[in-house]
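Two complexes come next, and they have one chain in common, chain A, joined by chain B in the first and chain C in the second.
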Partner chain A sequence: MAEPLEVVSGVHGVIVRVVGRLDAKSVPALLAQCADVRASGRNLIVNLSRVEFIASSGVGTLLSVAEEFRKAGRTVRFASPSTPVLTVIQLLNLEPFLPIDSSEEEAERALPA
Partner chain B sequence: MPSRPDIDAAEALRLAARREHELLAISELSRELTVGLDLYALADLVLLNLMGQLGASRAALWLLPDGSERRPVLLRSHGMSRRMADALGATVAPDALQALGEERRILGSGEFQARLHPATVALARREEIELLAPLTSRGETLGLVALGPGAGGPPYGPMELDALQASLGMIGVALQNATLYNRLLENNRQLRMANEELTDLDRLKSEFLRNLNHELRTPLTVIIAYLSSVEDQGGLPDTVREFTGVCLEESKKLKAMLENLLDFGAATRGSLPLDIRRGDLTLALRAYYEERLPGITEGLRELVFEAPEAPLTTAFDRHRVLQIVDALVDNATKFTPRGTRITLRLAVEGETAIVEVEDDGPGIPPERLTQIFGSFRQGDGSPTREVGGLGLGLAFALELAHRMNGRLTASSELSRGSIFRLSLPSAARD
Partner chain C sequence: MTERKTKVVWSIRWIVAVAAVLLTAGAVASVGTVAERNTRRALTAEIETRLLLDARTLALASTGAMLGDYPELTLHPLAKELLARQPELTVIVVADNQGVVQGHPDVRSLGQSYSLPSRLLPIEDARRLARGETLGEDGGTLLAAVPVTHPDGRRLGLAVVGMPRSYLDRVITDARRQQIAVLALFLAAAVAVPLILVSQLLRPIAALRHGIERIGRGELDRPVVLRDRTELGLLAAAINQMALELKRAQADLVERERLAHEMELAQRIQTSLLPKGTTRAGAFVIQGYHRPAAEVGGDYYDVFDRPDGTIGVVVADVAGKGLAGCLVMSMVFSLLRAYRDGIASPSSLLAQVDRRLAETLQPGSFVTLFYGVLDPSAGRITYASAGHNPLLRYRARDRSVALLATRGIPIGAVRGGAIATTLEDRKLDLEPGDVLVQYTDGVNESMNARGEQFGLERLGQTVAAAAGGGASSVIEAVVSAIGGWTDNAPPGDDETLLVIAHETQADANTAAGALSPGDSEELLRQARGQGRTWTLPARMEALEGIGAWLRSCPPAGALSERELALLTTALYEVCANIVEHGYREDPSRSLDLGWVSDGRGETMFLVRDDGAPFAPPAAADLDFGDPGVRSKGRGLGLQIIRRATRQAAYFPGTREGNITVLRFPSPREEAQRGRTP
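Right, the complex of A and B next:
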């Protein structure tokens, strides 16, 4: 069974890949990981391509992470969201608030150098 | 003109999908709220769910503490700084929150001015709070939730507020259950600590009683020996003889009291030896009565002995039974006024010997009667009490009765008197 989070270092920031379900059980780890990146002063890419299911608490986590990074003057990008994630983002009209890229590479390019 | 219905149909589909999303969020919340009882983890879960349900990018949750200082305490905030959320909670007036809770009313930002303190309104605007909602459960206001505006567009409509109200109801019950359960666990912990402390105190008391033997009885024995030899010498001046006699008498009283303490310590440790032999209990009690009669009469109290004519043969420890009776008679003489009638009575019920000490004194108040066999207690525990002693007599008597498989009970009626009843098993008439 794959680990729910994979963390790798990118060129201009840290890449966190979420695997499987993003729900009440898995959000504490994602929140903690994102808080660590924010505290380190680096930018963040959250890769959502392998998210099979997203609960409301998962959506709330993405919103919280985006707001916390914005307030800290850092950048967060959400790369290649899976269909379940994209559906809910579109339903709630969150595209202007959650910056989405079609791939990790595109997200990397969008990060400030 | 097909365009108009098409737009309406698309909008209806979007609204239906949005409604489904909210219902799913409520359903998820109801499952997730059973996950744990950590209030902070619950607050996290609740806020993230509500943010995901409504598309809000910021939220905070405060709980009202117990006690008189009822300012909301921040549990968690997302998308807003902890310091600002703390400050916002501190400005919320308890009565304003109470009123919102009673109405179960979700306040929109347009109503803040009319219902909240100006400092709360200013902070809520600064943090871009769109909704403030009370948390309630079973008619009690528990806390407050704040939500920022929806990140994706127009202000919240009636549909979103309906869904929020349903979620808040579940959240209130879950938080109250978690609070009550945590309180129960804490009360249990405190009880366990208190129990451990009492066990320690009991151990210290036993150690203290053991130390008495060496630390007090030994020097007292030496003092008595020297005083006795001084008294035995001839040719002493009268005053010296008199003073020595008083010192010797008081030292002997002190030693008797100390031995009672040591016996009590041994009895509570279960190490008091018993010397049980068959004998006539009537005879033993009559001898005791005759020995005590002069002293009690001299104190202007009447002592009466009632017993069957026939001997009562049973197995008993003469010394220990008389110690119990002595404690009961002592108690009756100490706590009754002059002129009181004290009856020492022996009877048989089946195979049980009953020894009673009854007085017609003022009686014992019910609240003190339940504590009367406790160690280091007297009916009047105040420092100004009139009667001296260590308060061990009845506690020791009870321990002795239990050691002999007997029972010792007390009953009393105010203004009518008290009866102490010792039951000893295996009695039989010859």
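Right, the complex of A and C next:
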């Protein structure tokens, strides 16, 4: 099984790629990773293109990460969400609260330099 | 256009005539053949004998003359006279012993010599001949020669007489011609007699045919008139009898059809008065059941909304069946509808109905009627009963069954408003799980093969056993119990049930509420029966298989990727909730997933568990505009379930355990699909 999180350093921030399921089991690791990035004062790109399944806990995590970054005055972008992720986000009308980009590159461009 | 084929008719009279002709001709021909042979033999013998006798007479007459000196002077006239008498003779000769002709009709032949032809063919029968006599044929002439003898025995000469054979043939031909004439006469008679006879005998057939054709056209009042002493007379009588019976049968049929039509009309009126479907008001579900008897009874029930938000329920039984009972029933129906909004007290309303109905009700006919007003918000019913069967109450708290009777007498039973003193309003508080059942005699008095009634005790037991499943379960159970009791015999009386159930359905989606706990049990049984269930242990890891299971269900094949993602998530959320809160992640426990299709494109997914039931939180939309809501992330699972499905209903504590039913796809997703095909 692939490692659920890939973390790489981008030009203007850290890129976290989520692989596989985003449910109660995988949520704590993502939350911890995001907290680390926020603590380091860098911006964040969460790549959701390889998420096969998202549960409500996953959605909650995305919302709270966005909220915490906003409060901390940092930026988080969500790059190329897979169909399951996008579907649930649209179902709950969460687009206004989750900044979405169609690719990692676009997300990079959207980050403040 | 119809193609008409000319049918060949074989005339009986001609068949008989031809048969008679053939038979007669055959008989006459065979008789004629035998007769002709005999005639020819007899005629031949007779003519030969006559010829011989002529010769003998001639010889005897010649004896005297031959002894004289000039025999020719006597013999010539003698021969001439013989020829004159028998002109068919061609030879008449008397010759002396020297062969000189002494007697001959022709004078010129006298004195000439004559001798019998030497090669005379003898004629077979020689027994008639005396000595010296000859009978024979020579060159087509029959000859008879007799010696002329002196009394002392001396031979004086020979007398010869002959005639042509053709004379004989002519005589025979004459005889045959006579026979043919007789034959022809017989043949003519053989044609004519049967023709006339059969024509006479068959003349009545035309009359019979016309009679039968009249019957065929339906003119049954004109009998076949026939005075006939043969079998045809009997036939005519039989046809008339048949017409008479046809007429009777026709009259019976018309009467039966009229009755059937009346019954159908009554049934249609009755059915049209009955409410359709299930009524839901708050936590209450009101459902009726009616099964008409073959001969329409006078049962009727009604459920209606009152302007103050309460619900009126009626069960009535009219004494009297058929159209008459049905008309009384519709009068009751109309009176109730007229007064129901204006009169709040059930007993006052019944008294008013009694006053108005007494004007038209026939003496002896009456109506028993239960009328209740249910206040769903207060959970209370106020009712009055005019002589109707006691109300059956099931109380969930102690699982008790009670029959609640009142003093009310039937409407129309006593004239003059006496009913008002017997009617009273009763109030009953209904708690969650409580069930009220009002019914008619057809239910509790339905009989088994031994003539025993189903009875109120059995009814109470049946209701108590099914009450947990809600109104539809109760009706289903009572109907099936009666079916078992009567061995599914057609009902002798109308069977009517009205069930009011305080159902504790916790519905996560308030907009849709068309399912009862009993329905959910039935859906689960269906899914199991069709092998459409999957059992998994109560572990969070096990829920990762939901996606794969869904893809193996045929209805998923029709879903878009979006819809499948939503369905997977919604089912996961339901199951995660059960595993986390219902089972507290105890892997020794298990839950079942299943699906059923309603055949109209809607699929229902079921989740069954027997963990601790939980109260679903209030189903309000989350306000994501509130940062607090966003950071807490609470209630997202329920939001996903609500929005992804058409209906999500949770039935805790059914006989099968807790059942969650998800209807899919959601209207929202269908709209989405419509936008992006």
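As a convention for this text, the second predicted complex is superposed on the first by the 113 of 113 C-alpha atoms of A that agree within 3 Å, B and C clash if a C-alpha of one lies under 4 Å from a C-alpha of the other, contacts with A are read in each partner's own complex, and residues count from 1 in each chain.
Operating definition for what follows: contacts are C-beta pairs under 8 Å (C-beta built on N, C-alpha and C of every residue); 3 or more make two chains touch, one makes a residue touch a chain.
Everything quoted here is computed from the prediction, not taken from an experiment.
Asks: Is the arrangement of chain B and chain C around the shared chain A a clash or a fit after superposition?
Replies: Overlaying the two structures gives a clash between chain B and chain C.
Asks: A:Pro84 contacts which: chain B (first), chain C (second), both, neither?
Replies: second
Asks: Name the contact category of A:Val76: first (chain B only), second (chain C only), both, or neither.
Replies: After superposing on A, A:Val76 lies clear of both chain B and chain C.
Asks: Return first, second, both or neither, reflecting whether A:Ile15 touches chain B, chain C, both chains, or no partner chain.
Replies: neither
Asks: Where does A:Thr61 make contact in the superposed view: on chain B (first), on chain C (second), on both, or on neither?
Replies: both
Asks: Kindly classify A:Pro28 by the partners it touches after superposition: chain B alone (first), chain C alone (second), both, or neither?
Replies: first
Asks: Per the contact definition in the header, classify A:Leu92: touching chain B only (first), chain C only (second), both, or neither.
Replies: Once the two structures are laid over each other on A, A:Leu92 reaches both partners.
Asks: Just chain B (first), just chain C (second), both, or neither: which does A:Val37 touch?
Replies: A:Val37: touches no partner chain.
Asks: Tell me which stretch of chain B runs into chain C once the two are superposed: 112-120, 148-156 or 274-282.
Replies: 148-156
Asks: Does any part of chain A touch chain B in one structure and chain C in the other, and if so which residues?
Replies: The answer is residues 23-24, 55-57, 59-61, 63-64, 66-68, 88, 91-94, 96-97 of chain A.
Asks: Using the touch rule from the top, collect the residues of chain C that touch chain A in their complex.
Replies: Counting only chain C, the residues touching chain A are 540-541, 543-544, 547, 561-562, 565-566, 568-569, 572-573, 576, 624, 627, 630-634, 636-637, 639-640, 643-644, 668.
Asks: Would you mind writing out the residues of chain B in touch with chain A in their complex?
Replies: The touching residues are 14, 17-18, 21, 24-25, 28-29, 32, 35, 41, 44-45, 47-53, 55-59, 78-79, 81, 150-153.
Asks: Report the residues of chain A in contact with chain B in the complex, numbered from low to high.
Replies: Interface residues on chain A, with respect to chain B: 23-24, 27-28, 31, 55-61, 63-64, 66-68, 71, 88, 91-98.
Asks: Mind listing the chain A positions that touch chain C in their complex?
Replies: 21, 23-25, 52-57, 59-61, 63-64, 66-68, 83-84, 87-88, 91-94, 96-97
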